[in-house]
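The same subunit A turns up in both complexes below, where it pairs with subunit B and then with subunit C.
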Partner chain A sequence: MSTTIVQNKEYKNKQKTKDNFISAIIGFFAFVWIFPILWTLWTSLRPYNDIISYGVFSWPRNLNLDNYFQAFRVMGLTKYFLNTLYVMVPSVILILFLGSLIAFVVSRYSFRFNLTLLLFFTAGNMLPTIATYIPVFWLYIKIGDLFGNRSLLYNNYFGIILIHVAFQVGFATFVLSSYMKTVPKEISESAILDGCSVFRHYWNVMLPLLRPPLAALGVLMSCWIYNDFFWALILMSEDSKRPVTSALRQLQGQYITDFNLLAAGASIVAAPTIILFLVLRKQFVSGLTLGATKG
Partner chain B sequence: MSDVNNGISRRSVLKGAAIGGAGLVAGGSLLAGCGKKQVTGDVHFTIRGNLSDAGAKIAIAANDAYTKKTGNKVISQAVNSDDFQNNFVQIMQGTPDDAFGWMAGWRTNARADAGLLADVSEQVKALGSSLSAAAIQGATNPSDGKQYIIPTTYYPWGLHYRKSTMQELGLNPESIATWDDLIKLCEATQKKGLVGYALGDKGGWEAMGTFDILNMRLNGYQFHIDLLNGKEQWTDAKVVEVFNHMGELIPFMNKNVLDISWDGMRDLLLQKKCGAMMMGSWFANDFLAKSQADYDDLWIVPFPEINPEHGIDSIDAPLDGISVAANGKNPEGGADLAGFLGSKEGIDAAVAAGDTNIYISSDFDTSSYDAFNKQKLAVLGAAKNIGFFLDRDTRGDFAGPVVGPAIQSFLKNPKDLTKILESTQAQWDALPAL
Partner chain C sequence: MKTAAVNKKVRSRRSLSRNDRFTLGAFVGLPTLLQVVFLWAPTLITVILSFTYWNGINVADIKWAGFANYKNIFFGSPVFYDALKNNIVWLLWFTFIATPLGILLAYQFDRKIKGHRIYETIFYIPVVLSLAIIGIIWNFMLQPGGFVQGVMGRDIGNAISIWGNYDINSYVIMALASWRHIGYIMLLYLAGLKAFDSSLREASAIDGATEWQTFRKIIFPTMRPVNVIILVITIIDSLRAFDLVYIIYGTSTAWPLLNILAFQNFAGQGISMKGAAYSVIALVLCVVPILVYLRNVFKEDLQ
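For the complex of A and B:
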């Protein structure tokens, strides 16, 4: 063809080796990342007896799905999955609702303390959760005793939801307020000129514009809360109320842990988050960069 | 009008109370006459371990027997054992189940002193002579002389080996009587290319078994307990001697002591790669899970004598039992259930469900024991003093965080002994008073 652009062949080759080199590095890190997951899957296919007889690094004598069937049976997954939903759904809704409310006020209304307020809400994120474990525990017990019902917050779904909301609302506020600052002020101004009340301004004007960050945050928060083990462990005394992450603990004995069975259980429990990630990949990635550029 | 009414009602209430009180007194004495108090109400029970464990099934069977006898419902839940142990204080301060499997020693006594466990002295008394004086002594909180745990089962720590391996090597561990015999046994095993003295101490607690027995053999039970309770110094020449003996064993150990945990050590024995191994005999279940032949091949003997003054008069035999939460909904019911589980009826129900543990109660019929369990009893019987294992004989904030790493660093670098012992003592001294 006459319109073919003549390229410098040497340049093209150079570019190719460069690409290959980069691919190799990326491939290496991808392998490092995926190796534990592959190893878990591999382990889950081997029977425990093989391991204790021949060692972890031995050539496999048997490969089957028995561990998965047993894990399914032992863990009582349905119950634990439901428990997770009881905690996750209200938490995420509350986090997004409260977070967007605060973000709306601090980014749309200028008053003396709005930056301080934003800092106040995000500062909590800096605190390691473990440092607050004992105070939160006592707070829950004492508040319960105050109302004559120790299980008001402690050992109650309500308490777990509350603690998740408390810890995540800061992050949600931070992300949503950064995003809101990129929304042109003129929209708000015209809304106010048209006589919108504060709530209408929030509900009918801002909220529809917030759909992308809300979706991204919703996905992120769901994953985080789904993966939580810590709060459920220390604020729930009844195992039957704990979420799916603690179902895995059912696979560990007092003395003996069958790591092959545990690997199968871990794969089952991890599956929803992995599927969620694959389906909502776009939201995930946009979630990571939300508010990274401020208008 | 209302005043009068109030007066009347108040008076009648008082009268009623008086009658009720008298009734209660009468009832109380009547019940006391029977020697039995009827306890009612649902009891919540925590099973440590997962529901598919043999242990859970046994616990449920025993609880069902209690329901059958008393009509009180038992609601059991299975929880992860480590989680329960690690969060024990918080769980007990919150809304705990009434009764649960627990372990005698510091973990019971310290929590009882903190007011978290209910007194079960009455139930222990009711079990009477079925519990040996030593068992009751072991379950007694030294600070107030009461019991906060109903002792049920125990297991010995001893030298484990495979009969077949020793036979192939032409060795007879049953005949080792002294320290020199043990060293010779290790040498002979090592010469054949096996590990002489298997040890895995990644977890930090496994080698405490070796430390305990060496200390008890060399310096006696009393010194051991005094050392663990701060009445003796870690820098004492006697303790140095204990570590020197442990040092003598190091050349016979597998090279990866700090890289494997107790299960790695178990696997060495299971795969016939080692001679002797100092361990609590609970792991025998894994041998049974592998095959009956492997289980039949397993044997245990007491650790040999080192100091003739003490002979083989002591052993580590962690004592397990049932404790009752002070903050539970029904502590009385919990105590009643705990007492039942320690009684003949409770034990019978557990054994019928397949329990192979060694029960401490003399009501228990040992004739049905297999050879290995009979040997365990013999090993236990050879000892006069029973230790509970280091992490139950001393403070929890000392055993795991201080002694464990100290032994690990000794195994890594035996030359640092003086420094290690000085730092261990310094850390004990720095501990806050309980």
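For the complex of A and C:
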């Protein structure tokens, strides 16, 4: 008996050394992983002239936030951040609202097409975006012409919001409907017995119960829509209306030589999603995993 | 019992008032309309357009082309095979290197290895960055006079062209793609492992199994549903690959992918429906993995 305990202890000690070794290796890779970001931050704190005169590896003579002030002033980032808000806030609200509608009907009322509907929405989220470019572009211009205003959808926040909603509502539907399956059916049954209308059943009974997945999805969707810049590149013709990530992409060409300024710009634009992830990590992870593995 | 349940369902449908039925119709109809108009119909139209000649402006100018666009791609465009090769390289790299690394990391973090919380955060940060930012960061790291060239002892005068050299750029692109993919897979797998019964692991440790044996023989097989989903996500992502390479090369075909070729033919000079054909090829390749994904995710509902 005592020998097995000793053996066990020995084994545990051996495992501990091994674990420390593994942790050190992963630590090294983690450093490599984060290094490009740290290097960008570091560069953003140094004046352009220092790099030009002494090289990228030189000892810092001046460290300050000048590049950050400069980035806001020269690049006009504030305006672009506002554009992002105009697109992001309505898109996220609409995605959550429409996604919860479908998920509610599919999981609480039985129709013949329930599963088809769910499959249709989930598959829609996985289609390659590129396959829709030509028709969407054309449709936007034509709908605009039809109403006598070419910028009704094209070159308009409204158009970008619509396309984000169409593409992401499938994911929201999927996540919310798999969450709703875990909500006891009895709650709905008693609501129906009490003579609740469909709308009240949705609005007053189900929606409050959906707060956790809605929060998780809201965080995730905000991050995705904030980061997307392709639709805005394609469907916006005016530079000044672009959201901040698309604008940054355009500014990259303009300020390619002043890398310290560009690094500061990139750091500013990266900050919101990184902070969002660090602060609301739990929501972030649960939104992602509810969607991918149904866990 | 079953008939009782069916009866109940039927009754509950019949008992809906007209108002309620209208509400339900609107609840389903509104989002469905949006999906059909802006997603499914455009995709379908692209499939049709891939069999036509068109410049993208007037509908009256659309001319039937039969399989001409596809013939042109398969027999007259060597770049198509380069793109296919790159997509396959991407797929193999993700399946056999990046995804397993993500899984391995998840496993180590799940064991609460020293520093696991900070490591998890670090590996996930590239996933929350916009590609616009990633492009700037890596361009800066790799450009002449940048950090990587400096470490290799090359100053601006004798810098190597990383993006222009095919032998190097494939590795660099794979590394950059992995920079995002590994963290994503790590987080997904980690969530799957959280649901894993830890008593199984303890039992195997008492039996004297090493950590590697425990992972290979017990944890990995038990995680089969998650494994399948992660594999399918990896495949779909590899076939849809586009944005990272677009950020680096724009619409040039220095490192072609199917979707880059599609986009080049839409957004380059003069729209050509060859682009539609390219995107249909990419779409067709995605269909099987998407079906496998749906079947796995909705397994219970489909039965």
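To be clear about the criterion, the second predicted complex is superposed on the first by the 232 of 295 C-alpha atoms of A that agree within 3 Å, B and C clash if a C-alpha of one lies under 4 Å from a C-alpha of the other, contacts with A are read in each partner's own complex, and residues count from 1 in each chain.
Operating definition for what follows: a contact is a pair of C-beta atoms (placed from the backbone, for glycine too) under 8 Å apart; a residue touches a chain by one contact, two chains touch by 3 or more.
Note that the coordinates shown come from a computational prediction; the quantities given were computed from them, not determined experimentally.
In the superposition on chain A, A:Ile37 makes contact with subunit C only, not with subunit B.
By the document's definition of touching, of the two partners only subunit C reaches A:Ile163; subunit B does not.
Annotation for subunit A, partner touching more residues between subunit B and subunit C: C. Residue contacts after overlaying the shared chain place A:Leu193 against neither subunit B nor subunit C. Of the two partner chains, subunit B is the only one touched by A:Val74; subunit C is not. In the overlay built on the shared chain, the residue A:Glu238 is in contact with subunit B alone; subunit C does not reach it. Once the two complexes are laid over each other on the shared chain, residue contacts for A:Gln252 go to subunit B and to subunit C alike. Within the superposed three-chain model, A:Leu146 lies out of touch with both subunit B and subunit C [touch as defined at top]. On subunit A, the surface touched by subunit B in one complex and the surface touched by subunit C in the other have residues 55, 137, 234, 246, 249, 252 in common. Of all residues in subunit A, those touching subunit C in their complex are 11, 15, 18-20, 22-23, 26-27, 30, 33-34, 36-37, 39-40, 43, 55-57, 98-99, 101-102, 104-105, 109-111, 115, 117-124, 126-139, 162-163, 165-167, 169-170, 173-174, 192, 197-199, 202, 223, 226-230, 234, 245-246, 248-249, 252, 259, 262-263, 265-266, 269-270, 273-274, 276-278, 281, 285-286, 288-289, 292-295. If you check the complex, the residues on subunit A that touch subunit B are 49, 52-55, 73-74, 76, 137, 141, 150-151, 154-155, 233-234, 237-240, 246, 249-256.
Across the complex, subunit A is touched by residues 48-53, 55, 77-83, 87, 90-91, 93-97, 263, 266-267, 270-271, 282-283, 285-286, 289-290 of subunit B. Those residues of subunit C whose C-beta lies close enough to touch subunit A in the complex are 9, 12-13, 16-17, 19-20, 23-24, 27-28, 30-32, 34-35, 37-43, 45-47, 49, 56, 105, 108, 111, 113-115, 118-119, 121-126, 128-133, 135-141, 145-147, 150, 155, 179, 183, 187-188, 191-192, 194-195, 208, 211, 225-226, 229-230, 233, 236, 239-240, 242-243, 247, 259, 262-263, 266-267, 271, 275-276, 279-280, 282-283, 286, 290, 293-294, 297-298, 301-302.
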